[in-house]
Amino acid sequence: MTQQFPNGGESRLERGQRALAKIDGSAGHNVIAALADIAPDFATYIFEFPFGDIYSREGLGLREREIATIAALAAMGNAQPQLKVHIDAGLNVGLSREEIVEILMQMAVYAGFPAALNGLFAAKEVFRQRDALDA
Amino acid sequence: MTQQFPNGGESRLERGQRALAKIDGSAGHNVIAALADIAPDFATYIFEFPFGDIYSREGLGLREREIATIAALAAMGNAQPQLKVHIDAGLNVGLSREEIVEILMQMAVYAGFPAALNGLFAAKEVFRQRDALDA
Amino acid sequence: MTQQFPNGGESRLERGQRALAKIDGSAGHNVIAALADIAPDFATYIFEFPFGDIYSREGLGLREREIATIAALAAMGNAQPQLKVHIDAGLNVGLSREEIVEILMQMAVYAGFPAALNGLFAAKEVFRQRDALDA
Amino acid sequence: MTQQFPNGGESRLERGQRALAKIDGSAGHNVIAALADIAPDFATYIFEFPFGDIYSREGLGLREREIATIAALAAMGNAQPQLKVHIDAGLNVGLSREEIVEILMQMAVYAGFPAALNGLFAAKEVFRQRDALDA
Amino acid sequence: MTQQFPNGGESRLERGQRALAKIDGSAGHNVIAALADIAPDFATYIFEFPFGDIYSREGLGLREREIATIAALAAMGNAQPQLKVHIDAGLNVGLSREEIVEILMQMAVYAGFPAALNGLFAAKEVFRQRDALDA
Amino acid sequence: MTQQFPNGGESRLERGQRALAKIDGSAGHNVIAALADIAPDFATYIFEFPFGDIYSREGLGLREREIATIAALAAMGNAQPQLKVHIDAGLNVGLSREEIVEILMQMAVYAGFPAALNGLFAAKEVFRQRDALDA
């Protein structure tokens, strides 16, 4: 496996900005924009640590990383906006809709049927939004 | 992708028993044995629903299913025995130690550093137990 | 105590469909319908495991089962739609409004005052909807 | 339904002490004793609010209150000592072992199989301790 | 440190009503009013235990108590209405907007970036509402 | 308020190492040491993000930061080792035992009595360990 975001002299911030743009697309951009007037430093941290450090690491592919994130957010069940962003991100990095549905159904086993259901309904909304954009 | 546990006339129970044995190995067996005197029907449900139904589905590989499970259990942080079973299961179905460590480190982003740390320490113990068996 | 849903040759699916209809009424039907285009197999699992297996078991009455479910969902606090469905279900199987309010107030002790408050406000909405239907 | 702990001029503290002794027995006493050197006021609050106020209310029987508490603590999964105390309390106020096992198995639906399993193993330990005392 | 709400012969209820009015202001009043037709006794408990007992204690200032509450509610992430009430309450008892933003950003370390983000967006809304009232 | 850890040309890593040593003392050192053979990069991240970035920020004092951390960890209730480390850290940066007990008791309101109790028992153990060292 090659590193997803090789650091050719980039700063963590630059690498993280590039990774966030690729993975989360416009949804990630909107989150960063919404922080501008309340906590701009937190936008920097989001670029630097989750994306500049973690998602840029070798050792696990982006597809696998999004499986882990979708599973975790669906299981915890208290971060629906971020779950939707990462269902969208999963599709961006190569997961199929079927695979995402499988991940969410599996969460019934570990976090209960309501967590799985609410994850599936989040996916339904993300899929519909992408269909609307494609139409 | 082919179905992991094609059902050649098996019952859900039989298929689930076969899947649990392959995925969780002796750790799964121990859980089932511990239920015998308090809730034997629950042992049957574990065979049937998580393993006979969910893990036996097409649409997502076992390696990907264990990524999802390890991430979810580490993020929720309230089921350490099951997290250890599934770190072991992840190794059984082809995840490397490095990949498991990456999944757990990533949970710092979504569930906080303590959840990631406690997951890493669970992995450390599982790795040590496997080393002891191999020695 | 007699079994709530004796299985006279029914499949788990049929028994679960019957149990879901009795317990959750139209709210359960709506959840199943909403799954049709994204995860129809998950609708089947909902019929089969929670309702065909668990709620159909002898050993605990439906009234007691709904007390347990309302308490759990209010305490976890991350599944408001399902909490409302089960407050409604509790009324369907014989809990009084007063009893449901008592269960939710008690959750202040185990999950904090915000969890109890959000449960009470969910109940308030369910009660109002039923009053509107009765009017 | 009659009030479990009619207040014939008792203070909240006295009524709560009486209720705690009846419901939790020696386990409740041990918790109170353990608070003496670090937070004695918190012992008073435990007598007064959960037991003097909530468990003493009319409107829901003690058996039903313990169903709710056992379900909530098993579902949250982060308070095993208190779950054991309330499994014991459930037996004290008239729940059967079978009913408690049913409540815990049902939590697989709402909080996942690990939560149900850890609840069942807590019950197993409580049942064994009571058997040891009876032997 | 002097006691915030010295009890000159007041009942717990009266002291709690005074404390709630000072700390939560109109937001607290609205919660109490919303309980009137479903669980008026719970309104009494809110006055008595959290505000009459806990917030009225010596030993920790109100500013410190609101730091603790904001941190806890943001970390749990399943009680957004109450988080907003206490961000507002924090400003009422002397925390600056900058301090509240720092508390919420710090929660990324202990409860993950989504919990911190959702807390920051809750703060953004509270700050905007206060600006609108001041305009 | 002056910055706790002014950066006179230090790297984030160096500043974080200095902050961790001051705040968590030997407990922090032990965590870092335990990561050496499984996830040494995660030790670096702990120095850099929580301590080099967050705890080193101006805008909130270390005493206030530890109030927030103790409250959050006690409320979530699934990270007892880290809660103990931060109760110890709170004492290191100037919180009194009484103040820590007040924070933990207050968590009964927001996360339930079991979370508060388990936090108080964690504090009891930390206080005893410090007494043993002082003896």
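First chain written, first letter: the chains are A, B, C, D, E and F, and each begins at residue 1.
Here is the rule we go by: a residue touches a chain if its C-beta (ideal position, glycine included) is under 8 Å from a C-beta of that chain, and two chains touch if they have at least 3 such contacts.
Computed from a predicted model, the values in this text were never measured in an experiment.
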item	value
Relative to chain E, chain with the most remote C-alpha centre	B
Interface copy of A-C among A-B, C-E or B-E, judged by whether over half of the contact pairs recur	C-E
Homomeric contact chain C-chain D: same or different residue positions, threshold half	same
Between chain C and chain F, centroid-to-centroid distance (C-alpha), Å	41
CA centroid of chain A to CA centroid of chain E, Å	32
Rounded Å distance between chain E and chain F, as computed from the means of their C-alpha atoms	23
Overlap residues in chain E, where contacts from two or more other chains coincide	41, 45, 49-50, 57, 73, 75-79, 82, 101, 105, 108-115
Touching residues (chain side chain E, partner chain D) in the complex	41, 45, 49, 53, 57
Interface residues, chain E side, partner chain F - complex	49-50, 54-55, 57, 59-60, 64-65, 67-76, 79, 82, 98-99, 101-103, 105-111
Sites on chain D touched by chain A in the complex	75, 108-115
Partner chain A, residues of chain E touching it in the complex	76-78, 101, 104-105, 108, 112-118, 120-121, 123-124, 127
Complex contacts: residues of chain C adjacent to chain A	31, 34-35, 37-39, 41-42, 45-46, 50, 73, 76-79, 81-82
